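Naming follows writing order (A, B, C, D and E), and every chain is counted from residue 1.
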Amino acid sequence: MELTPLNESNDDYRYYELFIGPNHPGIEGNFSYILKMKGHTVAEATPDPGLLHRGFEKLMERRLWTQNLALIPRICVPEPDVNEVAYCMGIEHMAKIEVPKRAQYIRVIVLELARIASFLFGVSGLGGTTGHYTSAQWLIGDRDYILDLFEWLTGGRVYHIYQYPGGVKNDLPEGWLDKLSDFLDYMGKRLPEYDKFIFKNPIIQKRTVGLGYISADEAIENGLTGPNLRASGVIYDIRKAQPYLVYDELDFEIPKTGDGDAFSRILQRRLELGESIKILRQCIKQIPQGPYRTKVPNPFQFRVPKGSYYSKVESSRGEFGYYMVSDGDVKPYRVYVRGPSYSIGLYYATKALVGMRIEDVPVWIHTTDMCPPDFDR
Amino acid sequence: MVIVEFLIKLSQGFGIGALALATGLLFGGIARKIMARIQRRYGPPFTQNFMDLFKLLSKGSVSHGWAFDLGLVAGFVPMLAALMFLPIGPFTLFPSDSSLIMIVYLMMMAYLGMAMGVLASGNPNSAIGMSRALMLMAGYEVPFAAVIFSIYFFSKTGYLTQIVAMQSGGFMNWNIVKMPLGFLAVEIVLQGMLGEKPFDQAIAPAEIASGPMVELGGKYLGFGMIQHSVALFLETGIIVDLFLGGAPNFWIFIAKQFVLYFVVVLVDAILPRLRVHEATSFFWKLPLFLGILQAVIVIIQGGVLNV
Amino acid sequence: MSEWTEIVDYFRGRSMWMLHYCTGCGAIELPPTMTSRWDMERFGITPMATPRQADILLITGYLAIKTLKRVIYTYEQMQPPKWVLGFGSCTINGGIYWDSYNVIERLDKYIPVDIYIAGCMPRPEAILDSFVKLKEMVQNGEAKGYEKYVKNYEWYKANQDKVLKRTKPVLERIEKVTKIG
Amino acid sequence: MADILDEIRAMDLKASWLNDWEFEVIVPKERIGSVLDYLKSRTFKGFMGLSCVDWIDEGKFELVYILQSYDLSLEAIVKTKIPRHRPVIESMNAIWKLCEVYEREMHEFFGIEFVGNPNLRPFFLENWLDTPPLRKDFDTLAFSEELFEFKEDETHGINPPERIE
Amino acid sequence: MSSQDIEKKNGFAPIVGLKYLFKKPHTVRYPKEDLEVFPISGNSPNYRGFHTNDLEKCIGCGNCARVCPTDAVTMVETTDLKPANKFAKTVRPVFDYGRCCFCAQCVDVCPTGSLQMSRDYIHTFHPSVSISVEEEPEIVSKDFIWRADSTHVGNPGYVRNEKNKFDKVINFERTAPKKTDPAKRKISFSKYVQIYSKEEAEKEASRCLGCGACVEACPNELHIPEYISAISKGDPEESLTWIYKRNPLPLICGEVCTHQCEEACVVGIQGEPLAIRWLKAFSASNVDDYLKISNFLPKSNGKKLAAIGGGPASLSFGYYARLLGYDVTIYEAEEKLGGAMMWGIPIYRLPKDEMMKDINAILSTRIEVKLNTKVGRDVKFEDLMRSYDAVFIGVGNSKPMTLRIKGEDLENVVQGLTFMHMVNDGTLKDLNGKKIVVVGGGNVAMDVARSSVRLGADVTIVYRRRIKDMPADPEEIEDASQEGVKIVEMGVPIEIYGEKHAKEFEYAVASLVPDPSGGRPRPVVDDKSPHVKISADYVVAAIGQTPSIDFIPVDIQQKIGFDGKSIPVDEYGRTKVKGLFCGGDASNARQDIISAIGSGMRAAKGVEVYLAKEEGNV
């Protein structure tokens, strides 16, 4: 690459192009920003998505409703369960399938565990970008314990393929809840260490406090959702506002940080992690016995009645939505996936990154916890 | 006889080079082990760095022009040259020429040479990295200079051999006791010199894809690694000579070096990276303050109070 | 000379630096493999930020056409000796995206692959296992994919160009796309 | 809450609840801008997504705008149909700037032209010369077989029993 | 910890990390160590690894191949195994691990439970340096394709076995049709099984996996998956279109078919098979105008065919021949069409109006029917042969087999079909308080027994083997015993006592000896066998019958090779005499309606082939 000045005669600076990604440790996943740089400062950011584009929406139209269950976890790799749940909930709504209470509790457990795993993954990314490798190693190491739980429950470490229209595929294995409870105890011990090691760390605070400030109005205008939106002071959580599953039976709060900067974004996640643990503990106590799946027709005869529905789940990154259209056949007519990172990664980043120094770009990317596969699809 | 002497010196020089390299690599390996432990894992064998170096030297490499090659040589040779003047325990290759200023000057030369080389690669990442490295250098060289000034003033000499000699006779004579603030400043500076976190802005893999090293591959990276290892040995060695009273024999010298490096590694393990301007301004604040304070104390002690 | 080669190969096998490039979803199992739970640094494998420094390129799953281009650039930037690992089903025969319009089917048509790992995605154990295997292969001098690439460059190039440098539509158009202006 | 639907119906539009938090509005193509503008003024400030459904038998594309009201906790699904053979619609980037990227995506995947959108360059795909891929008449398997040169055994090795018909 | 607490900066807080310098790492040093977090060492006990397949248990239904979202499963012909049962196919799944995504959907849908996943997951392959680049992709992908067998069976992972089969996505429980209470139905001849409602039918149809194992079991190979799928879609008309392609008597078959298909149904291996028969009845009863949906176009090619007998074989022959454009004439000896269906099947199983619905639909294709015309008596067979282009014999079996015991010639010892004829034509109206012994275990025996119950009789069935060996439908047997029919197992008839009328019936309780040639066990009566006498007003022998083709001249009989039991024909129903075709019970191995329909249909096709050849010769 050459340090070529771009032809902008009215400017004395030498601009040059810098690729953040795809082959760059500072980017999440396989995604790229092409930055036009002015010294150490970003003058223009252009996202270059599609490096992970697999054409999910097309492939889903070619597969049976339930076959797609193997496909959709891959839309958001670090947190696959939200896809499964959102998709199944959409089907259940359209086909009017009742989901047993126990299955709903299990789904909440899975979702909240996935949220914790996703937090650990996301903040470890921050550790990686700021050079705080020890925290990255710790968090990913601890995330593995969640993967163990998932593996025992579902038979797969990352792609669980555990949800099924009408409930979940199999019951909790014997002793699983004890194991979960042990894990929560362990997390309870580790969390203060994380706080001291990461959140109270003066340099982490120096790097993130005040970085990438966004006001509440701007956040809404730019389509931010989830923790990123809440960190700006809009206390809106689908789990509270439009309770799905059994979230209305559980006692939890939406923490408020509201500074709108990078630090409050990770802090928001950290505080929500505490709430997740609270939810999980309640679930362990409250989970009822009983069936865990309503029987639905087998995959070859499973037809969803004509109609369309937008089903959504609060993921750790924001609102994960599935807009599904059925023409009454065994295959979906159209599935549109609304990834939570779409607006922030492809649109808001072009605004937010401008004027930012190069060293802050990866930090900003990681504090927004964006996940390229969910907008590349 | 001159020829024989020259040959002896030459082989001794090679010996020192090899020794410094081996020690540097070993330190690197042990540091990786320590880091790994803090990160709750086992880490690579402590000989890993040797294997890495060997592999790098056996690997194919791409040059980016003569300036690239020359730059690397210019980065590598001064570092080795500086090493020749370092009193290693009781041994000094050129006892009469261990001028501190010269060593520091040669070290800076090495970095500038490196800068020239990597800039020739044309990769913006390495340009950014190099500009960061130089900016950082501007940061830590100032407090370092302040401390050196104190030592000059205190020891009334610029030769390391003499500084070491002055500290003989027990722990209480070491400069670390006499100039604790200066030592503190230098330890922080050492963190910066070695490019360990929080001062690794120059390489910063996640930001600028390892900065200056971005276009170095194979043998070039191998030379970079040698340079880094030698620098590690040299820089810790200087501080051992300056503050820890040198050493009666080689092993103790290495042990002292390691203690210094150990602290660096621990800090490296628990702190993330600062922004580059923050790092520079940090050097101009705390370490510089300590350095100047030390200088003032020394001046007051030596000049005014005449202790 | 052969002893020398053996020694070199021994050290090459003990120090393999991988390129830190997440090409596909298999990359999600790399962080656990890299970090404290599985710790692949025990084998001397560390992630590297740039292709110049890397010895092994992990193709972690499917390759979108756009990524394929970057991967080829990356691969060609790497210095020999270099090795490619194909992770999971997608690199072998298309995997779950076998019918996708944007994902290649067989990786070794475009770059030479030294070792394939089954799984979707491979567990950390499987990844470590393949690293150990690759180490043995390197030490026995069996991993020579990079030489193959040089030897058969024309063939690889033709395959790459077929996918990357399309000049006319792949399928006959059924309906004309309406464009305005 | 329910009165929002009455208001919309008063505008001579079809609207119905999908569940407690979601309603859909069917809007003729000409009025889409004004309806979205109106909804935005009625607290539907969050733009959640833009989707498109290819009703190939009808010869229509259906654009689906998903809006979110944080104050009312409601989701509005606004649908409009445009002809398939000359898919043109005005861009909504005057109302939501971020609509631009969604429209760019729909342009790429369906070939819909958004009048007023300054940036309809290729986005996810590189060097795409075929039918836009998410259209129903695009056969992804055939494309894949052709481009990546592999053949699919449709029978899975099962030979259907020979029968007298 | 509150947010303010966390937010507080503390330069010394990170030192907490250093304590791990002196703690044991939590690294799992694979391959030296293994995970130790699960009840077993290594990966999780239900891990989704490589597949295992119990090749003996697998029936090759191919559901795994069809459900696979990655198209990784191929069914490949195998030669090295013996099939699990008579319906099993010889294909077995082969997995392409260059495709497989380990989602376990194939395991979830495996009806036999033979396909499972193991905990093994490691397989690496490195192409050798010597392979040429052109061959490499093929060689690599081949290395990851292998047949699932018992290689990994010792290390089971994701398993759906007998214990947790309900976790599968198959629905094992049948939606039973509504039946009238036994107490109520035993006093009435009205139909007691309700045809499915729409919801029931859709629910039942939605259990179908669509694998088509039933198709091969069906004597006429109906398009079963297609028509069930259409029902599940909620479209009985489309369903009937599929049925009508190979069966012009859908409602009759829907009510009384012997449903071989249900025996083959893969869902039945671990659960209850689909009620395929009732589903057919559902679609037939929900469509009024058959011919509209069957796309029948009246046409004529001027050729004339005759069919002897008015049973299902002839009707089927007539319909498909009409479809091909032939003019067909049916010669029926009785006053009504239907043959065995008319006279042999009781109306509580097959109401006559339902039967006539099917028959009338066929007749409305303008088939000529000559009732009360017995060939051989009213018309000469040779005349038929002369005046028609081809003749089809669909006379069925009318000569009953005899018990060959003493007292068989007494009055009130009747044959099953004769008895049923009497019931159906109304000559036998009341059996109140009478004791009836039925010998035999087939469907005719059941019909006789249950009709007698409805006429007020006290019925005992005497059968040579055990109940589970009975050839009758299990459902029939169950319903019969619910209605109060006594069943005597292993009763071998010895003698019937009485002077003019039968009074007493004696049988011996036999013991079962396994058949050395592998068939059903044989009852053996020896000296020790106890003999039982029961009183009987009627003894009905329902042990089968053979065709009677006396109307055919003896020379032709010899020519076609009639051996007294059946007429040999080829796959097109052709006998050895040119232009003479045969179908139905007279020539079929299986003697039921669906086989008769099948043979009629094949014969129609055979006529086409035959006449085309004839013309070619001219």
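The definition used in the following text is that contacts are C-beta pairs under 8 Å (C-beta built on N, C-alpha and C of every residue); 3 or more make two chains touch, one makes a residue touch a chain.
Computed from a prediction, not measured in an experiment: that's the story for all the values here.
Chemist: Measuring centre to centre, with centres taken as mean CA positions, what chain is farthest from chain E?
Modeler: B
Chemist: Find me the chain with the mean Cα position closest to the mean of all the protein Cα atoms on display.
Modeler: The chain sitting closest to the overall C-alpha centre is A.
Chemist: Round to the nearest whole Å and give the separation of the Cα centres of chain C and chain E.
Modeler: 53
Chemist: Please compute the C-alpha centroid of chain C, do the same for chain D, then give the distance between them in whole Å.
Modeler: Going by mean C-alpha positions, chain C sits 36 Å from chain D.
Chemist: Could you work out how far the Cα centre of chain A sits from that of chain C, in whole Å?
Modeler: Computed value for the inter-centroid distance: 27 Å.
Chemist: Would you mind pulling out the distance in Å between where the CA atoms of chain D average out and where those of chain E do?
Modeler: Once rounded, the distance between the two centres reads 47 Å.
Chemist: Any chance you could list the residues of chain A touching two or more other chains?
Modeler: Where chain A meets two or more other chains at a single residue, that happens at 24-25, 50, 53, 55, 58-59, 62, 70-71, 134, 137-138, 141, 159, 197, 201, 376.
Chemist: Could you pull out the residues of chain B that touch at least 2 other chains?
Modeler: Within chain B, the residues that touch at least two other chains are 36, 38-42, 205-206, 209, 269-271.
Chemist: Identify all positions of chain C at which a residue touches two or more other chains, and write them in rising order.
Modeler: 20, 35-39, 42, 49-50, 66, 93-94, 96, 98-103, 106, 109, 120, 123
Chemist: How about chain C: which of its residues touch chain D in the complex?
Modeler: Result: residues 65-66, 69, 93-94, 98-106, 109, 162-171, 173-175, 177-180 of chain C touch chain D.
Chemist: Show me the residue ranges of chain A that touch chain D in the complex, using the header's touch definition.
Modeler: Residues of chain A touching chain D: 49-50, 53, 55, 57-59, 61-62, 93, 220-223, 225, 234, 236, 241-242, 308-310, 312, 319, 321, 323, 325, 333-334, 336, 338, 342-343, 346-348, 376.
Chemist: So in the complex, the part of chain C that touches chain B is made up of which residues?
Modeler: It comes out as residues 8, 11-12, 14-15, 17, 20, 35-37, 39, 41-44, 46, 48-50, 52-53, 55, 78-81.
Chemist: Going by the contact rule at the top, pick out the chain B residues touching chain C in the complex.
Modeler: Listed in rising order, the residues of chain B that touch chain C are 32, 36, 39-45, 48, 51-52, 54-55, 58-62, 205-206, 209-210, 213-218, 221.
Chemist: Using the touch definition up top, name the residues of chain A that touch chain E in the complex.
Modeler: Contacts found on chain A: 63-64, 66-71, 134, 141, 145, 148, 151-152, 154-156, 159, 161, 164, 169-171, 173, 175, 191-193, 195-197, 199-202, 205, 255-257, 263, 267, 270-271, 274, 293, 295-303, 328.
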